[in-house]
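Note that the chains are named A, B, C and D in the order they appear, and that numbering of residues resets to 1 at the start of each chain.
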């Protein structure tokens, strides 16, 4: 459904490189946490080195088994999930996953979550000692675990978590914000004041679906996080609001499937974008986003992607 | 895409009648404000007397011209709108529209909006003097005008508006709540405390879309309200949360297209539902929702729709 | 109550590629109206999926007779909705609502009738020309413009009506090089017989230019206007267009209900 | 890197209605794998629209040879995704990812091989029977159950393999009346020759009953399990199934990656 004239990326000379939160990316397209596994799952399908950056599945201090099934359900142009942060824990991550990830060319951003300010501080500190990590994304907005959402729906807690992580590392710290709030600008500002190097948004919208035959929730956790194209208009609005509220750069996500969608976020003010749910439709989707973005730029004679950032025109 | 076995509504004996906020409805399917004009637009296409109830486009004290174009844009499985409450004003409504509406059999709920507590009080009072009105819906959640959202994103303002309207009329008063909040339960409780006879939700999610060719917003107002199937999981979640937070009945809406969708809201705790965006796809859509709901009930041997309300099972 | 306006499920009868971007689509619609006014439109929608969600507006180009009426449209592949349409093959379903809106109204005693169309503005103008040719006691002048020759639709058909046909393309690949308004204005100033009327459909810039020029010359002009639409029948208030009325309520008119054809002097024309 | 697992756009070659609810679909997929293990599956998705959004999992029933490999599946029309598939006509596109997951592994020296299937569990079991018949130095017993005769697929095919075929329907419209487990249990207790193995696919109740029964009798059993899936290749962690592991990280296995075929004794079986 691409609408741009057919310009092959190879023939064009669009410079897609950006710097986000002090991290140099050869293109502004990353993978969203929890939708790209630990990257290895995608290796049979695509050249991982083409990615702008990699954000991996949330890591916690202890291993987590995750939520019972069913964990995913489709909704119109979207999906609900409540995986429950299933992960191997930080020790096994460092031992078993990091060696593979650090050999890849794209900068690696490790996403962490905790139940307390202390957890975030510890995880951040622990990971900063490891080579091959370019930044830490703080998942303070997971709607699918008992403690999770709490932090990023409250500016004070947001500030505290970000500050603790900031003080624990020399790496860029990127809090990931929840869309389930009345005023995203207030949260974004609190994150900036806490010392965020950049902010990342949106995590999923809290949703629910009922199987009308069984009368049971379609997700065992009852509620789940809504993602995919359905939420894109909400995500674009919040990225635009947040980008105007803070000076640090924004990593935008929510429903990106094509290069055009990525361009929409960048016009709204995102410096870089992440592809989430679309990775499930087709493991090569993220490459299509990179190629599509490059084609869009070439067709509109944008020779450096920077020219596009915040390029939204208001009459 | 109906999944229920083919039971013709005529042969079944499902009792669909409900009482919502003291208003008797022969079936629980209403039309959502702003999506059904003043009903007359639909007369060529369907028998208006089959509807459970009618909610008409928001009325304000003074006529309003509405927002400049473009006012609507499609999004994945949804749409954005910023009509800007274009309406003829309460005087012309009473003179020109009400005579037609009051001749129709379905109970009429008039939706009003104002910029101050005083506006809501006055409008409510003015309309209560007119025969043929069954209830007043308070639109304290329109995202597309300067003052609008403010009321229902704050429990105190919500309480004040509802209380003022409550004191101004003997009619049922039904505040309509915004989904753009951190905690819908707190707002629902404030509405109940203010004296709401029932609550109505959800209004649209605040969203935005950018035309990547022109770099301009797809909606002249920049942001608009997101509606349609895309938002259904958020709406069902909020209806479920609100229904458990208050004792007054809930009118649920957000993305209903089929009888199955209506059943999902009723299982989540809604006493009645409203069809919005789907009226645009096909002017007879609301009739398909009524027939589909009846078929669903018959197929599941539900002989009174009341049995379904809140019938959601949690393991 | 049944007036042929009810939504109906049609089936694709044919889909022809006119050029890389333009298609000619025929949809057999049971019980569809056989009569329509040129300028009226239909809303077409996929019933299979919620994406694309809303109908898309297309002018009625022709309704061909037969066992079932076949609704014909000419369209340009633009975005999601028209890409979806372009993938449909014979037999596939399409939801159809219409005919909708108000068409062109040409006075019977008009001596000079000037039709102007650009790009996807051609279909309603072609429908109008076909009607007028059926009458005949008037001089009919057709002006068609496009970026390249691929944008010039129905030229042969217009010729067949006996109209005087003028063509322009911006690249000069067909007709004279330039914009169609470069030819319309001199013609209107050249002393055609009155009563005269201008009927126009096409991109916003064309409508604006013709509206200004006819107003300056005090020649009646009917324009068929486009707008973003959600419903097509007056329910959403989405398709607003600014009118010259000073009454608050009438500031905006609805393209689907009050139009899509308007007397150009009832609307405000400004560059966007 | 190219191992036939890449997503590819297939074209519907045929779509046959087996009964009101069941369909047999053939999709020609360029460069699709010609080899697969029975029990492996594909994800099928519409590329035309974002609704339905995600792929749907279907067991590979057969891959027929020809100029292009034709992927064949048997499916039941359930909800949005399968309704969408059912509307596809010859030539329409379908996005295909696969073969995915791990299939059944039947020991070469097995003397008694018992295949059990219910409803849409038949396709992988039919694929397995076709493989085993190609070998032949074993006794093959097939048990098929359904609600009515319309749910019994591929009976002729199973007969053609030379297997001993037992059928049940709940309404008695085909085979004996009752549930298929009513026949499987007595057979397993009747003293079949060892080594023996049971291979089962079907609704959760059937899997549970066969898993319990084989565990009680200490007979090896491989089950093909279903789960809600978003991706099909290990990326979403959506398709969790509870394992018997006491290690936190291994509490859940992924149906798409660790399965869909599991040794029944590695999973927890309880009524839902």
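A few points about this structure:
The rule is simple: a contact is a pair of C-beta atoms (placed from the backbone, for glycine too) under 8 Å apart; a residue touches a chain by one contact, two chains touch by 3 or more.
Just so it is clear, the model here is predicted, and its values are computed rather than measured.
Shared contact partners of chain B and chain C, listed by label: A, D.
Averaging C-alpha coordinates per chain and comparing to chain B, the farthest chain turns out to be D.
Counting C-beta pairs in contact, the pair that comes out ahead of the other among A-D and A-C is A-D.
With centres taken as mean Cα positions, chain B sits 34 Å from chain A.
Inter-chain spacing, taken between the CA centroids of chain A and chain D, is 35 Å.
Inter-chain spacing, taken between the CA centroids of chain C and chain D, is 54 Å.
One finds 45 Å separating the Cα centroids of chain A and chain C. The set of chain D residues touching two or more other chains comprises 50-52, 80. Looking at chain B, residues 3, 76-78, 228-229 sit in touch with two or more other chains. Under the stated contact rule, the graph of chain-to-chain touches is complete, every pair of chains being in contact.
Across the complex, chain D meets chain A through its residues 1, 3, 5-7, 45, 50-55, 80-81, 95, 97, 227-231, 233-242, 248-249, 251-252, 257.
Every residue of chain D that touches chain B in the complex is listed here, in rising order: 50-51, 78-80, 83. Those residues of chain C lying in contact with chain D across their complex are 46, 48-52, 84, 87, 89, 91-92.
Residues 1, 3, 76-77, 229 of chain A touch chain C in their complex. Note for the complex: chain B touches chain C at residues 34-37, 41-42, 44-45, 47, 57, 62-74, 76-79, 81, 83, 86-89, 92, 218, 228-229, 257, 277, 279-284.
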